[in-house]
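Note that the chains are named A, B and C in the order they appear, and that numbering of residues resets to 1 at the start of each chain.
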Amino acid sequence: MGVFEEIKGNYVKELITKGLREDKRGMMDYRNIKIVKDFIFHAEGSSIVDIGSTKVLAGIKMQVGTPMEDTPTDGNFTVSAELLPLAHAEFESGPPSPESIELARVVDRGIRAANCIDLSKLFIEEGKVWEVYADIYVLNYDGNLFDASTLAVMTALKNTKMPKYENGKAVYEERTTPLPINAVVASTTFGKIGSTLLLDPNINEEAALDARLTITTDGKRVRAMQKGLDGSIADSELDNLVDISIMKYKELNEKIENAVKEE
Amino acid sequence: MANKANAPKLLVDGKRIDGRTTNQLRPIKITAGVLENADGSALLKWGNNIVLAAVFGPQESTPRHTADPVKATVKCRYSMAPFSSMGEHNRSGPNRRAIEISKVTKEVFENVIFLNDFPGSEINIFIEILQSDGGTRAAGITAAAVALANAGIHMKDIVYAVSVGKVGDDLLLDLNMIEDNYSDCDMPMAISPRNGELLLLQMDGNITREEIQKAIQMAKDAGKIISAAQQEALLKVYKNVEKEIENGV
Amino acid sequence: MKNIILPGALISETPIKMENTYLDNGKTFSKVIGLYDPEKKQIIPLEGNWLPKVNDIVVGIVTSSKGSVYEVELFFFGRGLLIGGKFEDIKFKTGDVIEAKVKDIEDNKTVILWDARALRGGTLLSVKPTKVPRIVGRNNTMVEQIARITKSSIVVGTNGIIWLRGEFIGVATTAIKKIEREAHTEGLTDRIKNMLENEMLKFDKQV
């Protein structure tokens, strides 16, 4: 990002050569993860996730709409993301940046590929389906938006109550039916500095990365992958990271479950 | 305004739809310093409104040529989240209403900020309406004032804002969304508590000269409660640290 | 505890000349959120970005050079310039971290620096400029205590940028962040000393 982050990045690289991270974490440890559900009750579902100081709010909205031409009996699912200008001094207002679009599409990909929402269950009647909108609102940026956003959207979806359908309209004041969720995915984002691989890079570590890799799994199978930045990944490294990603799923899924159960 | 034929009864025996009296504020709770990167911030819950305000500055003007050599430039962005309303999904991006609110909000703070103390710089105010239920511009201004103080911006005063509306012959303080939709008048105001002057004033509907003065007085009376909430939020930032030290954290 | 006051708070019913205040109708009011010391007749701001003053010691990053003129990022709303030439035998490159003194301020926003030296290696920490006096301490006692106990090199910039180098700067950083949070309280010096010694003991135990 800026010159300050560059200096911090150089220091990160120096520590990495000694096998250390600034906050004393293990290479494959997450920062402290906190998930709170139902922050915005006007939304059909919502959640705020903190990973370290990164803070992401996800809101789910549902409305009655028309299906896509090629899937006339399926509902629609759309993910959008905004890197709000209040999240970091370098974020600007304006049309969606490539970073925010990539974030939305990567989160979307994992959830859609695992069929987390059975879109066929969102069919109402001919020409009418439920549309599910997931909006990712980044409130504070300290690295690793992918994992925070996937956790936030997933928790929000698991907590979504559908509006009642009556006389051709959605009745928002009555929301009791939970959105049918088939599967839960979790993403794990890794960074590569030299030959060292690390999990959950914070903002200073992101400034030092050669490559970044996000792997989304449902605990058994890989559902989405996204490599970022201009460095490269070897196939042996990839194999190792997929293994770690599947292992980490349990920890992340448990956090989602606990958040959803909270009263 | 919505179709009056379907209007719910907004006032029955002196009680409003949510049980309040005509002169009662919705509950307000403010937390300052909630965001790490912003220079100042505040999370405000006002009835069912949830507003996040943040301030960056004084910082470098971008683009450079927009810098005013003599004073700070204030920029303000009021924006509603797509999931903020009890209803359909709102499309992202500034609409005309948001742009107007951003402008009049900016003008409030241009009055109270000592712009000459930060020449050539930019002060950015961001107001995100995360959940809306009527009176969001007043909530936004009230939250932004806390965020500005939290950021250490030099100001004459901590401004508050509130709206007063009218149903039939009754003036109602702090309209929620349903009341705003069906009322005969809505008058949002921002006031500097130190001298009682109006820094934001808008109105649409139908109101008499006497009612305007009554409404201003209602706002000022409510202002005591709103100001207290703002002050408490700002002082709590430091009190919390003191408590932690006492508890040996 | 000194009094915490907010913008618009009444300081005096008569006009007083005091930094961080303004006059209105013959009365004096506070402009800032700060600690008010009625005896010393002083308001110490608790928040706010750096407003440059002549003789401030700052830490910055060289962002460009043209001949013997260097642009230095000082992390405030204006720009920093370091002018070399006959009187200063200095050669810096883009990306260098430097410590320098504020010589002059032009149009209230261009800071002219001199007395610069490079700070090699280490890392930077950003703190609120209003907390710097507490981090430095009276006669530098606080920062020297931290540097001594953690065996670190530390330079604190009035602009809120701190340079640190050494094996245990993690402990130094924790101490500085603690001072930043507790700057408005009493008994801080002892709490920091205890914290530093406890943290450093952990390393001795590991050996």
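Definition applied: a contact is a pair of C-beta atoms (placed from the backbone, for glycine too) under 8 Å apart; a residue touches a chain by one contact, two chains touch by 3 or more.
Everything numeric here is computed off the predicted structure, so don't read it as measured data.
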Which chains sit in contact with both members of the pair chain A and chain B? C
Comparing A-C with B-C, the busier interface by C-beta pairs is B-C
Calculate how many whole Å lie between the centre of chain B and the centre of chain C, each centre taken as the average of the chain's C-alpha atoms. 33
Cα centroid separation, chain A vs chain C, in Å, comes to 37
Indicate the residues of chain A shared as contacts by at least two other chains. none
In chain C, residues with contacts to at least two other chains: none
Quick one: which residues in chain B touch 2 or more of the other chains? 59
Flag every residue of chain C that touches chain A in the complex, lowest number first. 61, 63, 73, 75, 95, 97, 121-124, 126, 161, 170
Footprint of chain A on chain B - complex, ascending: 35-38, 41, 48, 50, 52, 54, 56, 59, 77, 81-89, 92-93, 124, 126, 128, 130-133
Under the stated contact criterion, what part of chain B meets chain C in this complex? 39-40, 57-61, 69, 112, 114, 117-122, 149-158, 192-195, 231, 234-235, 238, 241-242, 245
Contact set on chain C toward chain B in their complex: 1, 4, 6-8, 20, 22, 24, 29, 31-33, 45-49, 51, 76-79, 107-109, 130, 181-182, 184-185, 187, 191
Residues of chain A touching chain C in their complex? 2-4, 6-8, 10-11, 14, 22, 24
